[in-house]
Amino acid sequence: ADKLTLQLKWVTQAQFAGYYTALEKGFYKDEGLDLTIKPGGPDIAPAQVLAGGGADLIVDWLPSALATREKGLPMVNIAQVYAKSGMMLTCLKSSGIKTAADFKGKTLGVWFFGNEYPFLSWMSQLGYPTTGGDDGVTVLKQGFNVDPIFQGQADCVSTMTYNEYGQIMDGGLTPEELVLFKYEEEGVATLEDGLYVLEEDLKDAKKVENYAKFLKASLKGWKWAAEHPKEAAMIVLEYDDTGAQTEHHQTRMMTEVAKLLGSGPEMGYLDPIAFDRTVDILLNSESAPVITKKPVNAYSHIVFDKYKEL
Amino acid sequence: MLAVAEQTTLTEPSLTVKPKREMISVQDLSLVFPSKDGDVHALSNINLSIKSGDFISFIGPSGCGKTTLLRVIADLERPTSGSLKVNGTDAEDARLNRLYGYVFQAPALLPWRNIKQNCALPMEISKQSDAHKNKQIDKYLQMVGLQDFHNKFPWQLSGGMQQRASIARALCLNPDLLLMDEPFGALDEITRDHMNIELLRIWSETQKTVVFVTHSIDEAVLLSTHIVVMSPRPGRILKVIESPLPRLKTLALRDRPEFHALASEIRSALAHEHAID
Amino acid sequence: MKQKIFSFVSLFIIVIAIWYLAALIMNGNQLINNLERKNQEWTYQQVISQAYEVKRPMLPAPHQVGQELIKSIIDKPVTSKRSLIFHAQITLNSTLLGFVFGSLLGILIAVGIVNNKTLESSLMPWVIASQTIPILAIAPMVVVVLGAINITGVIPKAIISMYLSFFPVTIAMVKGLRSSDKLHEELMHTYSASAKDIFWKLRWYSAQPYLFASLKVAIAAALVGAIVAELPTGAQGGLGARLLSGSYYGQTEQIWAALIVAATLGSILVWLVGLAEKVLLRRRGELTHA
Amino acid sequence: MSQSIKNAVYIALILLQVIIVASSEIGFYKSLPLLILVLIAAAFSMAMLLGQLTNLEGKHKSIKVLIPSLFAFMLLLTWESVIKGYAVSPILMPAPSNIFNALINNIPMLWADFKQTYLKAVLAGYIIGCSSGFIVAQWAVRNQALRDALMPLGNFMSAIPIVGIAPIMVMWFGFDWQSKAAVIVVMTFFPMFINTLTGLQSTDALHKDLMHTYAAKKSQIFFKNQLPHALPFIFNALKLNSALALIGAIVAEFFGTPIVGMGFRISTEVGRMNMDLVWATIVVAAIAGSLSYGALALLEKSLLFWHPSYREGNNSR
Amino acid sequence: MLAVAEQTTLTEPSLTVKPKREMISVQDLSLVFPSKDGDVHALSNINLSIKSGDFISFIGPSGCGKTTLLRVIADLERPTSGSLKVNGTDAEDARLNRLYGYVFQAPALLPWRNIKQNCALPMEISKQSDAHKNKQIDKYLQMVGLQDFHNKFPWQLSGGMQQRASIARALCLNPDLLLMDEPFGALDEITRDHMNIELLRIWSETQKTVVFVTHSIDEAVLLSTHIVVMSPRPGRILKVIESPLPRLKTLALRDRPEFHALASEIRSALAHEHAID
């Protein structure tokens, strides 16, 4: 069997349930692949692992992938598993925020480490400087969790629909006390979890075939996971070496993640329109330019096409 | 430097001895140092009485417990059994009342203080005035011949000079009781003679009690009113000899037959002990 | 000994009492804020009774942490991923590996510096500067870069442990090796002793008190290094991973339980070094002195 | 061959290496693997030159600075050569020249980070941590019971990993520098405590006896005897802590900060693949740390003039 | 313990002196300790020649530079000017050839080694066999009267016992040249007499050269073939007196007039110096 290594963007959780399911169910083996999954973490940059040769494929978000590409690492999107963005800004009603216009002078929690690009673009579109003061917004580098909203250290925190939002509920806040700003609904959504490889690998037919097989098995895994959230969550728990995840959390995450996945035969296909929209959003943010010019050849359908042929 | 010898004779008339109290009384005192490979009986059944104004010398072979006995008096070592009174109180109270000054066998100067500052230390601790401190230090550094070295640090002095500095430090305090452990061991004969005479003068002028450890028979005879001869393993008192010589002695005394008689008495007591050993 | 235990137990009780009080104040405040945000009425009685039961406590009460500890230590077999003992083992492996190599490296560098002037003047400033590089901050990069040359598993973690633990040893050993009594140095000089003899018969001994003091710091540092190195490699187990996931999912009890296990592990390691020190000093015949 | 001819060859070899690095195409070691021999020869030459300089050290004070500088120069030259020669991706590891550029081009930002992390968090935390460690140690040395109780507790506290404390401190003390200072306090307390305690207990038996005969009060024993004896140990802790404090502040910033600070910069720019800026920040940290260490070392030298390791010139060896 | 005194007389006939070489030659040697508050001229223009087999004593007031001169010979201190040859080579080579044994003014025992291990140290360093080591240690610990203390640690011994241990340590090595800095300063008279006789015996049997610092005039007379009288500030040689007494002396000699004559010659040289001072 051919060896492949996949580097995830974050720790083992239902956000990556499709890959774990495919691995557990032997879908990769069926395709003649021997897959190793490397979990990520808060300060692991998947692109770095890719550059160092520590992985053949990585899961990354498009904005940071494009930014990295501009820095000189020729990485290419070969498939887009998540069709929709799960990012939101979750605010306390009591802070007086009702619309995006109320952000002025407020304190917002944001994830950095390459996850900040969509937020910066949005603020740039709104025309709010992120350096604090009455005219702008004060930005906090949000840690691993959503504590700042409980402790009143921030008016809004970043959340993913499938994870942190649930934690806020668990923490005792009710939807009535909150105002949600989904990036999708604000028109600033960027593409999230996609699969990336090095550009030169795509010149190698053998590798392209392996990636296609990988994609086939992964999507099969994702479909199964979306249909069996409970079982998928259990598989994820199986692979979690920290033993810290709970069934409750992961089942809920799987359910939410399923809503973001592409559907039908187009699952995994990178929609060029969505791609261009992401690029436009990133390019339009003059004050915080994430990328400075339109990327070329930043995605390729060659693997997806090959997968369709298999 | 030696001119002072004459001075001492001049001060002789002022020598009026105070009524004698018991300064140190030791009863059945023993001290054992426990150790894995056999205990060491450093002191065994010591009985001793020292009156105020006495000048007592301990003499005995190396390792016989002289230092240990002095340390017990100074409350630096607790006896294993027996009792001890210093100036009517127990050793600890005497120490807390700053009754005595102690000159160690080694100089024990603090390396971060120069000689003057080292001498100032005990007076700083007993909160004496600066003026008094300076006066005392000048006086005693002069006496031990270190006036030119007052701003040197201990490691810049020779062994004998360090020893003299530590003597000056103890004298500055002007205590009622002086405990001295071979204070002049590292000095040449002439300096030693000078220091002996000075010590005698100070002792008689201030009517201190001095407990003195030495291994020089001549020194013991020259200085003491009483000589305690000790013997080792276990450390015990062989003999206490009361000196027939006058309290205040001069160097000239060394040529007198009484001096030699006393010296040979001590020597034979010691030699007897050595022969047994 | 009895006295020791008594002192320790009384302090332990005091700490627990302060802890309960702090938990009451911190969690209570948070509770009050929550209630006020919802414009609900509240009484002190209500706050006190609920302070030890809030879902995301700022400071979990000792018994809450205790329950979590029992759950994750006693109730789980040590081979289970949910057992803290299991994770402590993972961390311990890289700690010990890093500590051993770090101490050896530290001693080696110190010996080099003490014996060779060129090394002293060229290396010493950089040994010091090396510690101002926040290795903890670049630990993820180290893990990634080492991963790129196929070094994975326990080694990257041990390397970070080593990097943290060699420094205290080097500094203390340089000082310790030079702290021998001047007179003893001169004695060896009169014997025209070789550098080796001077080292093994004199300096090594005068350095031992410094060495052990620094080994205690070093082993604690090695543990911290191992835990930090487990953060970026997130999901692969170890106390660091527990801390991270506890933090990520807002499970405060889990964080505290992992912290307490980490600190206990650290204490045991430091205590073991202290024990080794005592045994050695006793062999040197110095302990009976004190 | 005479020494000066040898030296000329050494210098020529080093210069040759500099020219190779400066003028060659990226990836030159991949096309011409044997060029690496020049690098090895240059490193060897530098070692030889350093050895000679060491012998001159007594004569010129400036050589004390020159030697580590040359050592660093060789290190950087090797680094630059390897990165350029093997065309290592700048996303993995930048070359020293890139780091230097990033440093020069971002001075205002780096200064703001430095202010936030060093001048606020580090200084505050360091001062509080070291002084509280010292104060508790000097209580403990007077009181056996306190010592028995505090030793295990102190051990325990010191073993709590900073990465576990940091999120808690952020939760308790907020996002700004105060929480970082709190982390530093926890980190620096124990080294100071244990070193001070050891130092205070290390007094010479004879000096202890001396103070005993003076019936000195505990405070007098402390200031006049124990403290001077403990100074070498205390300085050890001060120096160790100066490094720990900086690391502590930087790492604590990973767990939440306002968007300024050296730790924030490092973690954010790694995510943005700006490795040159990451390393520029590390360079700032290293300079700040080395300077504080150096200042402490100087102070130590002047206060411990009496210590055998510092005693001023005598003729002995 | 003292029975050995007789033995020494028995060995006298074997005393055949080797042809004399120059062992130490000192020319115009000066040594200054620089210091912020004024340099200390510890040695000034020293000229001295010591032949192999000589027993030289340095005597002089405390701080006159005796220790410093001994240290220069031992290559522990570099002279500021002047030259020095030891056994025909420079001081460093002599040291590297392990020509001499040095007894310091302080005992300098390693606290982590017991007495036996301390004595073994120099022999370990010069890689002698275990059998030889044990033989030597037993012999010399016996000689200094510490056989029962061989497994005690230094801090378990009295000051004088430590000093004796350090003497045994130096003797075990059996060096050609013995440098001794007030080795018997901390000993009582009887032990000291015994040690003196033993030292004389060893010296004559092995034809060593001994350079000896003392502050006891009697000791200097009893032991030496030559006595060097020194004076301080700056440290210089006042007088070198060649002893008219026989090489191998006994304690009985002390009652003879030649002995007293020599002693008073030294005393007056010293006193003269002190008076100037």
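Think of it as A, B, C, D and E in the order they're written, each chain with its own count starting at 1.
The rule we apply is simple: a contact is a pair of C-beta atoms (placed from the backbone, for glycine too) under 8 Å apart; a residue touches a chain by one contact, two chains touch by 3 or more.
The structure presented is a predicted model; accordingly, all values stated were derived computationally and were not measured.
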{"item": "Lowest number of touching-chain links that must be crossed from chain A to chain E", "value": "2"}
{"item": "Distance in touch steps, counted as few as possible, from chain A out to chain B", "value": "2"}
{"item": "Chain at maximum distance from chain B, centres defined as averaged CA atoms", "value": "A"}
{"item": "Chain pair whose interface holds the most contacting C-beta pairs", "value": "C-D"}
{"item": "Superposition rotation for chain B onto chain E, Cα-based, multiple of 5°", "value": "180"}
{"item": "Separation of chain C from chain D, taking each centre as the mean of its C-alpha atoms, in whole Å", "value": "19"}
{"item": "Chain D and chain E: spacing of chain centres that average the CA atoms, whole Å", "value": "50"}
{"item": "Mean-CA-position distance for chain C and chain B (Å)", "value": "53"}
{"item": "Centre-to-centre distance between chain E and chain B (centres being mean Cα positions), rounded to whole Å", "value": "28"}
{"item": "Residues within chain A bordering two or more other chains", "value": "42-43, 45, 48, 51-52, 143-145, 147, 151"}
{"item": "In chain D, residues with contacts to at least two other chains", "value": "92, 167, 171, 205, 254-255, 267, 270, 316-317"}
{"item": "Multi-chain contact residues (two or more partners), chain B", "value": "35, 106"}
{"item": "Residue numbers on chain B that touch chain E, as the complex places them", "value": "1-2, 33, 35, 37, 40, 59-63, 66-67, 105-106, 151-152, 156-161, 163-164, 182, 185-192, 194, 215-217, 267, 270-271, 274-275, 277"}
{"item": "Residue numbers on chain D that touch chain C, as the complex places them", "value": "50-51, 53-54, 57, 63-64, 67-68, 70-72, 75, 92-93, 144-146, 148-150, 152-153, 155-165, 167-168, 171-172, 190-191, 194-195, 198, 202, 205, 232-233, 236, 239-240, 243, 246-247, 250-251, 254-255, 262-263, 266-267, 270, 278, 282, 285-290, 293, 308-309, 316-317"}
{"item": "Residues of chain A that touch chain D when the two form their complex", "value": "42-43, 45, 47-48, 51-52, 64, 67-68, 71-73, 112-116, 130, 132, 138-145, 147-148, 151, 153"}
{"item": "Footprint of chain C on chain A - complex, ascending", "value": "10-12, 39-45, 48-49, 51-54, 92, 94, 143-147, 150-152, 167, 170-172, 177, 240-246, 249"}
{"item": "Touching residues (chain side chain B, partner chain D) in the complex", "value": "71, 74-76, 95-98, 100-102, 104, 106, 108, 110-112, 121-122, 124-126, 153, 155"}
